[in-house]
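Chain IDs A, B and C follow the sequence of writing; residue 1 opens each chain.
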Amino acid sequence: MMASIQPRKVPYFLTGPGVIFFAALLGAPMVMTLLLSLHSYDFNTGIQPDWTLANYVEVLGDSYFQKIFGRTFGLALLVTVICVLIGVPEAYVLSRLSSRWRSVFLLVVLGPLLISVVVRTLGWALFFGGNGVLTMTAQALGFGDEPVSLMFTFTGMTIALVHVLVPFMVISVWASLQKIDPQSEDAGLSLGASKMTVLRRITLPQAMPGILSGSIIVFALTASAFATPAIIGGRRMKVVATAAYDEYLSTLNWPLGATIAILLLLANIGIIVSYNKLIERRFAKVFE
Amino acid sequence: MSFLIFETLNKKFGDFVAVRDMSLSVERGEFISLLGPSGCGKTTTLQMVAGLLPPTSGRIVLDGKDITKTPPNQRGLGIVFQSYALFPHMTATDNVAFGLEMRGVGKAERTDRARGALDQVKLGQFVDRYPKDMSGGQRQRVALARALVIEPPVLLLDEPLSNLDAKLREEMRIELRLLQQDIGVTTILVTHDQEEALSMSDRIVVMQQGDVAQIAAPLDLYERPTNTFVSDFVGKTNLIQGQITGDNEVNVDGTRVSVDTLAHTHGSSVTLSIRPEKFQMSDDPSGHEVRVEAAIFLGASWLYRVKGSMGDLFVTQPNTGSAGYAKGDVAWLGWPEGALTLFKGAQ
Amino acid sequence: MQNLGPAARIFHALFVIFILAPLIMVIAVSFTDKGYLSLPTDGLSLRWFRAILDNPDFIDAFWMSVWLAVISASVAVLISVPAALAIARHKFPGRDVISAFLLSPLMIPHLVLGVAFLQFYSTIGLGGSFYGLAAAHVILITPYALRLALASATGLSTDAENAALTLGASKFTVFRRITLPLILPGVAGGWLLSFITSFDELTMSVFVASPATQTLPVRMYHHITQTIDPLIASISTVLIVLTFLVMLILDRFYGLDKIFVGKG
């Protein structure tokens, strides 16, 4: 008889290649980055062989980095709020369209997710630049000849990031709206509720899990966004990701860059995990 | 020696006993039904025969060979799954030819034989259709053709008709039975539908919570159930509690009913079983007096719920074309000798 | 458009304009006949599309991205399919941990991955190599491939496989003839989504790619940080058109909404 694999071991053979690949090429680099953040750096002699938390003390204590972290957090919060404000109504509108229009507009709203972030951000850079459309419009309307530029501004970054990330909010809310039994809305109407009341008391609460998970996705992606802040914000309006980039590729202070990256990762995971816990606790009873 | 033998088959899932000490001998060409409510172990038994589940203990012997440990792809049995389990990415012909291909039959021959099998189940028109383009009944036939074309020693049917609508189901019962007799293939059918089992089988195995409740031919099973579970599950019946008060006499809440009590001890509690259609209902004031509480017209018959001194009873009377009894009417029930079955103990 | 008041319609129109505006802007600028950034007010011109051909470094970067995406998406699928079958159809100790591990890159910012790979590869002497970049991309996109493979493996009933088994097929034949064809649509969708994700990736690649392995997004990013000109707009227009074609395929076969639920 042929030697055969014990049934109990089969799943480990099937997942084995992935697990080994990930352990070697994800586990090892992540651990090394953590270790690197514990070394100090000297501008003349490079990375030191010592073990220290000095980098963490520096990043967390330095007002320069505090400002960058604060700005990143504020940006993420603002982008998330705007995405909720415009993404939730849009998802609702989409769910109300006839099926033909719905598939067209789903394509319009979700399609950009497949287009490179660089390209999408470039579009805003063209709007925002000193000789961009914004300036031309302002001049044509007689607001003076000064170029109006949103390049390198917080506002510019916010607009571009909302554009890049709002599809995630729409799709997430859309998914939970899909699960709603349309008859529950009819039932509300039949019981004498107005359309507005049905929306507020019946539809919105059922869409809440989608709004929350959309928020977490948008928040996490904004907090770690690189391409859009790098192009629109540039050196003048640094966020955590662009600051880490500069530490690595311009200043060459790798340990400090690694520290920023580790802190970003911890913040990211912390937010996702606590948000998930919150969602589970609040909605576990209602939604399976 | 019988063709297919189950020897004290047991199947446990952890502490749960799905099948307990199942023993059965099936003759060549016989049509056997495993009948019972969901969770009674009938599907588990079928899967053990198919080789998809290993028994915890016991043996399965086919044509003198112990196949208990034979893998499913070497048993050569034909199986029709409840979901039909057609291969959605293959045409009807390719579905049917798959088993032949696995047996190394050449392409031309297996296409020929597959088409022949599809012809046999009246699907000659649909040989190139994909399952998604077929109706439930057509899919069911493809599954049947696929199972039969490999000329299996045993055909296993797992609730094959349960996904069809009522009318089609009745037609398929007859067709399936005729086909089976025609080919002469030994068949085991798993079903929870007692009509299906009664109408198709040579013998029926009634199962209850992993145990065999009774094994008998359809008429025997219906007329002479050996316990209240079988009498209640196979067909409809009225179960009446009483006490033996004398020779051939049972007392039901003060009403004396005469019945053969030979096998039972004086004074013991018993349960009487009588089928609704065994009653004769008339205006002639003799027999058991009852008042009609509900009357339901079923087309071919009337179903009444009546109340009398023996408690609530269900009565079925054939539709003779005239109006039946109405709610509130008083009528008298009689029954022929032997219509009552007596079981030991209270229900 | 039933049940929608005028306010909702106006909102919807503004939202769609907001979504499309930057893309239309890029496309408009790419057709300018001027030598500098401007809208094609004096007539359309293809000069900036011809200019792409004079910039072989962009074309090289494009092919680099295509190759990278093909290889890494294929490896990601090869890893994901068996893993998805195991996770979807077996209960085994450690299943949840393994599945969380293989999906974990979704929770790690690309910047962090970039930083980690930069240091890792320079330590083990793979800095700037194509295979290092490809491996990094595999890590990044495997979760996408895995999720689509998981979705199709979970929806797969074992009945058809059992049927094939009882008809005499060996386990390998069952996999090749039944299981694989049935999960193929999900696998192909996973491959395509992985391909696009890899093709578009910037943040991690900016750290890992060397001048010799520059991908198109990295090349474009470096160009934009230096200068924004109609050339970069025309390249972007080409990308928009290509992506649109892929998007139509994905939408046709899977529905974009199904692919993106929970992405990110």
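Just so we're on the same page, a residue touches a chain if its C-beta (ideal position, glycine included) is under 8 Å from a C-beta of that chain, and two chains touch if they have at least 3 such contacts.
Model, not experiment: these values are computed from the prediction.
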Shortest contact path, chain A to chain B, counted in steps: 2
Chain pair with more C-beta contacts, B-C versus A-C: A-C
Closest chain to the centre of mass proxy, which here is the mean CA position: C
Whole-Å separation of chain centres (CA-atom averages), chain A against chain B: 59
Between chain A and chain C, centroid-to-centroid distance (C-alpha), Å: 17
Computed distance of Cα centres, chain C from chain B, in Å: 55
Touching residues (chain side chain A, partner chain C) in the complex: 8, 10-15, 17-19, 21-22, 25-26, 28-30, 32-33, 36, 86, 89-90, 93, 96-98, 101, 103, 105-127, 129, 131-133, 160, 163, 166-168, 171-172, 174-175, 213, 217, 220-221, 223-224, 226-227, 230-231, 234, 241, 244-245, 248-249, 254, 257-258, 261-262, 264-265, 268-269, 272
In the complex, chain C residues that touch chain B: 157, 159-160, 162-171, 173, 177-178, 181-182
Interface residues, chain B side, partner chain C - complex: 50-52, 71-79, 81-89, 98-99, 102-103, 146, 150
Residues on chain C engaged by chain A in the complex (per definition of touch): 1-4, 8, 11-12, 15-16, 18-26, 29, 37-39, 78-80, 82-83, 85-87, 90, 92, 95, 98, 101-102, 104-105, 107-113, 115-120, 123, 135-136, 138-139, 142, 146, 196, 199-200, 202-203, 206-207, 216-217, 220-221, 224-225, 228, 232-233, 236, 239-240, 243-244, 246-247, 250-251, 256-257, 260-264
